[in-house]
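Paired with subunit B in one complex and with subunit C in the other, subunit A is shared by the two complexes that follow.
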Partner chain A sequence: MNYSEDGGSPLQNDYGHQSSNTGGKAANKGGQNGNQKKNQFMTPADYLSREQDIYGGDLNGLEDMIDNSQDEERQIDSLNADHASSFFSQSFKNQLNQNQILTGFNMSDCTQNLQIKQLQQLLHNEKSSPELLPYQTILIDKVTKLINNQEQQLQAPVRDTDDRFFFNIHKMELERVKYMLKSYLRTRILKIERQVVYIIEKDLASLLSDPEMQYAWTLYENKKNYFQVAMFNKIPTTLNPFEKDQLEERMITVPNSSEFVFARFLKSHDVFHFTKDIEAKIDKDNIYFLPYSWIKESLQVGEAELV
Partner chain B sequence: MEAQNAIKLIKELKTNKFLPKFNVFTSVFELISQDPLVLEVCTEITNQMDRINQVLSQQQHLYLQIAYRDPEFDREQQQETTKLIVENQNMQRNIRCLLAYLNTRADRLHRLAWESGKAMPEHIKDKLTPAEITYYQKYLENIDQYNKSLSLDNNIDLTVDLTPPKELFIEVRIKKDYGTIMLPESGQVNLQRNTTHLLRRSEVDHLIKQGIVAEVV
Partner chain C sequence: MNYKNLTPQENEYFAENELIQIIPNFKEDQFQFISGTFGPFRPAKPVTVPLWLAIYLKSRNKCSIQLPKWLDYSCLLTIKSIEKEIVAEFSPDLPYYYYEIATLLFNNCSDEFSGVGQQSSNLQKLKSVIEDIYEVRKEKLLKSIRSVKAEDTPIMNLSSIGAVELNQVRPAFSSAYSILYQMQNLMEQNADETQVV
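Let's look at the complex of A and B:
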């Protein structure tokens, strides 16, 4: 964390490296030495606080981290866990803000964790549903901004091995989030490709983002041209189904909405009507194996999720 | 025999994991602009269409009777009609098969585009028709454009990281001499054949796709 203050002699950096990077014992020692120590050396906890941007634990009402000496491994393990919060004292948090390590980032507004979780869920839903789900403009925008923010933070120069160690962990986490985002967008592109005729003919533009719609149109035109060159130039024009105003129904591949999916309900219902005739009792958090069309509406209002 | 060629095409697709080759006999010709089987099916379709048109133009009244479902159809005319219907369905089926064939090929091209990126392997290029190569390039352009619209100030590239990242660095072995290159984070790297390097995954991703380096597992 101490990019700004640590810029002393290389000797000092070396020393810092030894004291805080020799496993659990040293980390404990560093912890006991308290706040003054932190002015000079980076401990895992310091770095974890930067991780908060990604995982965004709640930093309010924290206990004094220093007394809760725990070994380094557990500190890293606890990235996601609730007790991660116990590593950060209020004074420590203030210090972080003062040092402006987290430039432009509001520590009290830690909703990132939620957004990453949402992204995860979104990815799962998109991957397992046979139909294209609506594009989540707001969430994706937010996540993109977060990633940008983080990338900027990672631009900070890396000074010593300590720094590099944490830097790598941080970067890895960022890569994971980026992978999720990319995977989401890719899954959508894949689906759009599969259903491009359906999307264009049935005008499903509301489900797609603008760039995606652009993509779908270009793809459609390209395909048309390709078919034209490859076969329709050689047969009578009247036989070309693309020349007609409306494609015949049988030419359009409709996504199979009765495909079976695994779904978890987030709400329990005493009586849940799947269709007009079929009803059942639904328990919260149980996983059901159902046709997609049965839970389509619950999925849209967020009462169910796909697994 | 009618419709046999179309079936042949579909079967070719089924037996090949990737794009099927051209017919051996015809690939001897120097200028191939089209898969010969596809051409044959096209000719077949055209012939069928011609025949249908011929029958229809000869017997205009027949056409009308079909349209109005005239109850006073005599047997001979019924035969003619049946012939027409069979012919028509045969033709539609041919078109359908051809479209399915071309579409599946296009889908496999998409997969190729994601897997190998801009550098199409030479041995695959031989299997493609010019129309397909144009399509492939246009497809890449389209992905590129989409990519750009996503990330104006963000380096999100959809074509890298097709598998979840497990490590930040990966060990790669160089398969071809590629000279010295500058990588944004690792700095100068001399890519000499049969050497191994520990490099950042995102940096060498495109090199892996080009087949210059391979990951050591």
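Let's look at the complex of A and C:
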């Protein structure tokens, strides 16, 4: 149960690092050295430490800033991360009410940060959807900032045994949030690796963050170079699909958008039109088993979540 | 590695984020977490905290955990009989992570289950009734998901199914039905083309 000792997540596999290694290997094959690789794309871990670097020089000023901005940053009940958020906070309140009825507890004495709840929802969506979902820049930046603030605060040395105990609890909580964020970024990296040709050829850069796009480009270029060295140098140029302006459709693996998913609707509809022939009554908070393409729009506006 | 499927450990992690009530036996100010503020902690005053914190404090003998309302023998028996009665739906009286929460509580605070006037086998009874509910719901889920018609209306309302049941059917059924659905679409396309000709 004690996650704080090793500073790790409940699951130890750090895919972020794994994938950066595979990228590194490919980079070496392409004839680039390790140092260049480091500058070219960021691993999720680099991404986490990015903001720390920015503030690194001025720690005293930062502490003041944290004190002032802490409550503002946490945004307990209001949230403006994106357009879907007001709906999200409403549906979250409903969930909380439902939870209170189920457990019989009065939970009014605690306040939860909706951003973390939203991150959990994002992670679930990302894990279950066949397509890569848009990167939530604002939310992720905010969560990264919160993590860095908390990390700074936990740097003060603690001597008292009693304080040490509570210090460890805060550290555990920090590691749990970090795990969730890393898990989200890792899931995306895995998806990007699988769909890299599709992402580059169809120009889906709007779905990716800058470091992710850099990573995708490097991976794509290295793959291309590798194919060139391993095979295309030995066959006529006309047979090389990369020499053409565009890859043929059949050579691109398109994510299967009709894949069946389990989704929870956060809003009821008396009649919900999935296609022009098919309609159904949708009940709030119920879980449905249906093709992904049908729920895509509800997912985008935050009226449904994948589970 | 398949990123799509959640491991039981990941589900346990999410279950640990659910809230539960404890009665602390120490005095401390609010905990200012990233995920929210909890407390202040005063002896004998119930406080809502995430499950992982409750279990951690419990392991250090710093609190006693209040069991959720649904984790009660008579309550679970009612749920079980309801589950057996209704064929198409699942009882909404259990939370999404009911199995994980119950298992975590069974393993980490077994002493909370032997209340006053209760038999000492209370924990065993609870464990077996949770298992029973899980089995009943699993059977029902398999039955209803088998009845999904990919060619007709490929949608199925599973009402409030739990994470543990979903996890079992997700990998197999999700890909199987995707293939069925694609084949159906292909057949329709072919049928259209032959009509045009």
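The rule is simple: the second predicted complex is superposed on the first by the 195 of 307 C-alpha atoms of A that agree within 3 Å, B and C clash if a C-alpha of one lies under 4 Å from a C-alpha of the other, contacts with A are read in each partner's own complex, and residues count from 1 in each chain.
As a working rule, a contact is a pair of C-beta atoms (placed from the backbone, for glycine too) under 8 Å apart; a residue touches a chain by one contact, two chains touch by 3 or more.
Only a predicted model underlies this, so the values are computations on that prediction, with no experimental measurement involved.
Enquirer: After the superposition on A, what does A:181 contact: first (subunit B), second (subunit C), both or neither?
Expert: A:181 sits against subunit B, while subunit C stays out of touch.
Enquirer: Regarding the shared-chain residue A:172, is it in contact with subunit B (first), subunit C (second), both, or neither?
Expert: Once the two structures are laid over each other on A, A:172 reaches both partners.
Enquirer: Return first, second, both or neither, reflecting whether A:226 touches subunit B, subunit C, both chains, or no partner chain.
Expert: first
Enquirer: With the two structures laid over each other on chain A, which partner does A:193 touch: subunit B (first), subunit C (second), both, or neither?
Expert: A:193 sits against subunit B, while subunit C stays out of touch.
Enquirer: Which partner does A:147 reach: the first (subunit B), the second (subunit C), both, or neither?
Expert: Touch status of A:147: both partners.
Enquirer: I'd like to know which partner A:256 touches here: subunit B for first, subunit C for second, both or neither.
Expert: In the superposition, A:256 touches subunit C alone.
Enquirer: In the overlaid three-chain picture, which partner chain does A:215 touch, first (subunit B) or second (subunit C), both, or neither?
Expert: Once the two structures are laid over each other on A, A:215 reaches subunit B alone.
Enquirer: Hey, is it subunit B or subunit C that touches more of subunit A?
Expert: Subunit A has more residues touched by C than by the other partner.
Enquirer: Across the two complexes, what residues of subunit A are contacted by subunit B and by subunit C?
Expert: Comparing the two interfaces on subunit A, one with subunit B and one with subunit C, the shared residues are 147, 172, 176, 179, 183, 186.
Enquirer: Would you tell me which residues of subunit B are touching subunit A in their complex?
Expert: Listed in rising order, the residues are 34, 38-39, 42-43, 45-46, 49, 91, 95, 98-99, 102-103, 106-107, 110, 129, 131-132, 134-135, 138-139, 142-143, 145-146, 149-151, 153-158, 161-162, 164-165, 167-168, 201-202.
Enquirer: Residues of subunit A touching subunit B in their complex?
Expert: 144, 147-148, 151, 168, 171-172, 175-176, 178-179, 181-183, 185-186, 189, 193, 210-212, 214-215, 218-219, 222-223, 225-227, 229-231, 234-236, 238-239, 241
Enquirer: So in the complex, the part of subunit A that touches subunit C is made up of which residues?
Expert: Within the complex, subunit A contacts subunit C at residues 1-2, 10-11, 15, 70, 74, 76, 99, 102-107, 109-113, 116, 120, 127-128, 143, 146-147, 150, 165-166, 169-170, 172-174, 176-177, 179, 183, 186-187, 190-191, 256, 258-262, 274, 278, 280, 283, 285-291, 294, 307.
Enquirer: For subunit C, which residues count as touching subunit A in their complex?
Expert: 1, 3-4, 6-7, 9-10, 12-14, 17-21, 28, 31-39, 46-49, 52-53, 55-56, 59-60, 66, 68-70, 93-96, 108, 145, 148, 153-161, 163, 166, 170, 173-175, 177-178, 181-182, 185
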